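For reference, chains read A, B, C and D in written order, and residue numbers begin at 1 within each chain.
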């Protein structure tokens, strides 16, 4: 399964690209690309399952990924942020190279902690897990490093992607009902967040989340 | 019975949008909640008799003693809150703070919120459970932001982001749980089924399971408001309308703890000892109590203060789960029940106070006994109840907790627990007691007397926490011990 | 009496109190009626309690289980019963309840204008009931629940006059200190349960390791000490006791702080065994500190009720001294000394209940008549309120341990215990005993000074304000009840034997020795006397001798000088002729010498403001203020509370910053910390 | 009945001798000041004169003012009953011990202090305040001394303590007893309001303590007050005399009238000797500043406490 390993590494790499980005558009594009990679992986796995024991679930998941994550959500996000936000994010807590370095550190840390946690021997499962957990935490870290609302939404989506990586690569897919449920939640969450971004923009005339500091203590 | 529970909220949501007048919405809400509670009670009688109830509609539904306790709590507290809402929103409508459309929205979201919690508690599938938990966040985020101002917007943004992140981490945990079971799943229908996993816990891959539990602990812990993932909680609880705060604190947090309990049961059975998870849970529990104690000490906003107190009580429950002896888990379960009633009562009283005084600042509220005798007395006794004074119910579970801690040899934890409880009490005393005395200033308007609905609810809840403080029916005890056995095994 | 009938008596008593608690709630409007109903019912309850406890004390010494009730809640089993120790405390409670209830029928009337006396009445009855349950509890859970109920109800009673500014502070401080103490008690009970698996009152010493036993002792000392008001846990007491309505203060000072003494006896002596030397020495030292520091602050106090509250701290100290000696005796295995010391403690405990109740009631009468508690606004009340004055004088003499009043009996027994303890083989700890005796002497003398001030400033001389001028004697219910207690003070001072016999039999179970035999008799026939080996006293003989001498001298004077006239004239004023009441010694002036001598304790700050005006030697006004610091609050509690509030403020601004990025970071770090934990464990 | 007679005689003896002691002290003082002084019986004459005078009572005073002289006198007289002049005589131990004596005297002191405040005069308050302070700071040393004596005699009965001293005989000259003696002499001076603590012969407001309290009294009331304080002084002198100079104590009822008389004379001689000593101390010192008195109290306390230690660590006998 060389190709699967390659895909999992590519997905991880796309995270680094994401962290290195500054533009709202490229956040969305990178996310789109990452979702596409995920969809490819799902497709391969789905074909295998379909030919193997005639199970169609993963192909269905693949379809969902393509429609939602590759097509609908990026479109929704572009649409939302087209009107409300700057195109380029300028203010960072730390500069980009440092952020990339931290992301590397996260990946390395995950690699060691996961592999030692599941027995210490390098296995395929360990690699997939380490990669997917890294995706999740780099996505998480991306949320922390970006001040704008878009960064937080994309970060959350990347985390979800990471979880799908884990589900697909390491476990060969979840029960389909669960997958569908997760997608419904995901799309609802993105829509709600989109609505809230509008409201925040209305109230504060910016989507800089770092300015939401009224509630303290 | 499960079908009633699942369908009724959905039907009511439709009905709310058909209703013409506010009073219809109120009546409908109360009726639905009443029916649901009676269904819940019927279900618990079945569960007490049979051990568990298994149904299959579209997917498997499964209710055992553990989930029925939390479920009944959801239904009972919701009933109180919905009755209270009738009085609360009548006032809000009179003052023009809201209109019928927003009222419909509120009720629909409230019932959607309830639906997701009922789903959460009736499914055996960990994946569906996760979906339901995420759905609770999504359903309640607009409820938190219902007042639609800058502060509530900020609170709801923090609420959705932090909880979603947390829940995402929990999902990773559930997936790891799934991965750990790949080798042993024989038939397709049992994927991620808790009962199956629990039965075969010994065969699961322990290394993965540990990792899974950690992610679930952090994830569900975020939702449960355990420090240091609690940060959304004071904001959301203080900005939400008081009935929603009561639901969040009294009900939602329990559901997240329920998730932790399910994960914990599997892990500890697989590992054969509770020490790995125990240390983590106790650390988080004590940290939560400490955080609450420190933050309460100089708090000026009474709703935030109550919110921190919820963090404290979630910490106590976590502490009990961490000790993981039958006695401590039983105490945790009891504490969950007692805290739900007491805290939602306090939030509802706080709602009355807020409606009357228009401020959440402790320094702007004075002379509560004189201006609102019933609310004032209930609130005062509620404070004593929440800080663990007999004869109220929280005392009994805290007593159980302390004994369990010392019995287990956790002297440090026991001592720290008592010290922090005392500190919390000091915090309540120095911050909150002053609102009861003195004379209220001129702003008390006659029209703003709390409605009889609100007073009835408060008095009834005070009755509940007093009676449960000194008496427990046999059936409840049986359910509790069964639930405790489910968690601890054996 | 049969056990069944005792049980019935107990239930009837509780029922009577509860009716007394509920009745006023049903008639909120008829305040006077409700007040009288509660008063009458509570005094009936007191009479029932009196007969109950006397029956128990005169009957067999076995424990009696009256009732148990099991809730399904784990650990929560209620159990009520009586043994002689409980009966002894219920006896003093009931005696006080009778008189205070009668008193309250008059006293509460001046609250009618507040329109909520029904609350006061109801809480008052519940308060007494809760204390009965504290004494009658047969297991730790029951004890704890009753204890907390008592604290809660007394808090509400303290807060009754909540419209006064200082009340909030007093109440909050009180409930906080109580709660801290309670936390220690709960911890101690849980530890005992952890080792013995039971909450029952059974000797647990054997099953506890040494270290745990020591820790438990410290917990009990702090837990009960906070309620008893031992130094340095006393800070709430001088605020809370004066803030409560006076009849409640009488109960609080008279009997509520004794619940802590009861607790120490029950838990440290009965359950832990008290056979560790340093326990006894610690209790003794704590007693010394409380006695001396309590009375020293009392001496400086200008508020009548606060002075009485400080004096309660002193008396708790005296009681604890004897208990400390008893602990040392238990260690040395000297049962006779233990019995003697316990008897001394209990006699003083009982007497203190009587005279402190009397004093608080009289202080309440003064407040009732003059609407002030400040000594410097009073004066000359002996002429306008002769009965109240007389009874307060009796109370003051009792508490100063003057012969032939009852306070002396307890102190005498305590001195005897000290002397016997020096002689018994406790080694150098005897030095603590001598220091104890010296402190008791100092405390006694200072207390006498205090009460000279109280009587001298409030009741003697001429009125210092219009309040005092307009004072009238209080209603009959109030002076009758005070008078009854005053009579008791005198009677028990002259006939101490019955009380000593009762106290001795009550604590027989702890020491295993009865000393009333050796306190037996000396035989000038009708004269009750005490004796301990060779030392024995007969207060009654002193009275007879004194009275005879006074009569004789009066006769001689008449014989020598004939009948002589007595002329009424102005007080000698050195020819100044404009002597006015403001020139009398004030309470501040009275206590100033001691203030200067004990500078270390008070850190007096003096301020003299002179407005000189045009002519230097004829200043317009001179204002002298003397402030004393409460060093325990300033150097012990304030830093702690400041520390915690600083921490809290710092945490609030640096943890809950409002930044969602920071919040996410906490989760991030937590996950990583747990992952590291996972790899390490 | 014999006991009763004994007490009556003893009380009468005290009351009769007490003014004499005052006279002796005054006389000695006069000698040291190169004066002839009034005759030693002058005090009797003064008291009898006062008996025949009318009294003036302040219009501010309450009943306490008039009751006080009787109570003060009664308390002093009652205390006499428990201080054996000839401890061997009593067939049975006296029904009162040293604590009782102290606390009977307290009753009188209490009334004296409140009556000082009763007339609304500033002097009275000053006297009461100072008196209570002095008695408070001397109390610890008194109690420690008493405890030590009681401990060594295994009884706090004064009779037993005195008999114990008598059994010791010359062995009483040991460090512990001598230190206690120092302490008790200081207490005697304090309690009987003498120089250097107080000056009974002055009426200067800055210096007086005892006199300030009784300033308002006149006539027979004053006589009673004076008599009471003389009795009190004699009580302390008697205690010192019989405890620390145990000569002539060991006389029993069976010893015959002559022996009895001899020992009574011995007692009077001892009392006279101590009076002389007190007078000498008074004549050779000056009155202390009021706030230096605590130093004297501390000295007294140290003396008695070290005395106790000497006794306790030395095993005692």
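We take it that a residue touches a chain if its C-beta (ideal position, glycine included) is under 8 Å from a C-beta of that chain, and two chains touch if they have at least 3 such contacts.
On a predicted model such as this, the values are computed, not experimentally measured, just so you know.
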{"item": "Path length in steps (a step moves to a chain that is touched) from chain B to chain D", "value": "2"}
{"item": "Chain pair, most C-beta pairs within the contact cut-off", "value": "C-D"}
{"item": "Chain whose Cα centroid lies nearest the overall Cα centroid", "value": "C"}
{"item": "Chain A and chain B, separation of their C-alpha mean positions in angstrom", "value": "30"}
{"item": "For chain B paired with chain C, centre-to-centre distance based on mean C-alpha positions, whole Å", "value": "44"}
{"item": "Distance between the centres, which are taken as Cα means, of chain C and chain A, whole angstrom", "value": "69"}
{"item": "For chain A paired with chain D, centre-to-centre distance based on mean C-alpha positions, whole Å", "value": "99"}
{"item": "Shared-contact residues (touching 2 or more other chains) in chain C", "value": "652, 656, 660, 664, 667, 671, 675, 678"}
{"item": "Residue list for chain A, restricted to those that touch at least two other chains", "value": "117, 140, 143, 152, 209, 212, 214-215, 217"}
{"item": "Residues of chain D whose C-beta touches two or more other chains", "value": "none"}
{"item": "Which pairs of chains touch, using the document's own definition", "value": "A-B, A-C, B-C, C-D"}
{"item": "Chain B residues within the chain C interface of the complex", "value": "157-158, 161-162, 165-166, 169, 210-211, 214-215, 217-218, 222, 228-229, 231-232, 234, 276, 279-280, 291, 294-295, 297-298, 327, 330-331, 334, 369, 384, 387, 389-391, 395-396, 399-400, 402-403, 405-407, 409, 414-415, 418-419, 421-423, 425-426, 429-430, 433-434, 436-439, 470-474, 476-477"}
{"item": "Sites on chain D touched by chain C in the complex", "value": "3, 7, 11, 15, 48, 51-60, 62-64, 66, 70-71, 73-75, 77-82, 92-93, 95-97, 99-100, 103-104, 106-107, 109-110, 113-122, 124-126, 128-130, 132-133, 135-144, 147, 150-151, 154-157, 160, 215-216, 219-220, 223-224, 227, 290-291, 294, 301, 305, 308, 312"}
{"item": "Contact footprint of chain B on chain A as seen in their complex", "value": "114, 117-119, 125, 129, 133, 136, 140, 143, 149, 152, 156, 159-160, 162-163, 166-167, 170-172, 174-175, 177-178, 181-182, 184-185, 188-189, 192-193, 196, 199-200, 203-204, 209, 212, 214-215, 217"}
{"item": "Residue ranges of chain C touching chain B (in the complex, touch as defined)", "value": "71-76, 141, 144-145, 148-149, 152, 159, 162-163, 167-168, 171-172, 175-176, 179-180, 183-184, 186-187, 190-191, 193-194, 644-645, 647-649, 651-652, 655-656, 660, 662-664, 666-667, 669-671, 674-675, 677-678, 681"}
{"item": "Residues on chain A engaged by chain C in the complex (per definition of touch)", "value": "93, 109-110, 112-113, 116-117, 137, 140-141, 143-145, 147, 152, 209-210, 212-217"}
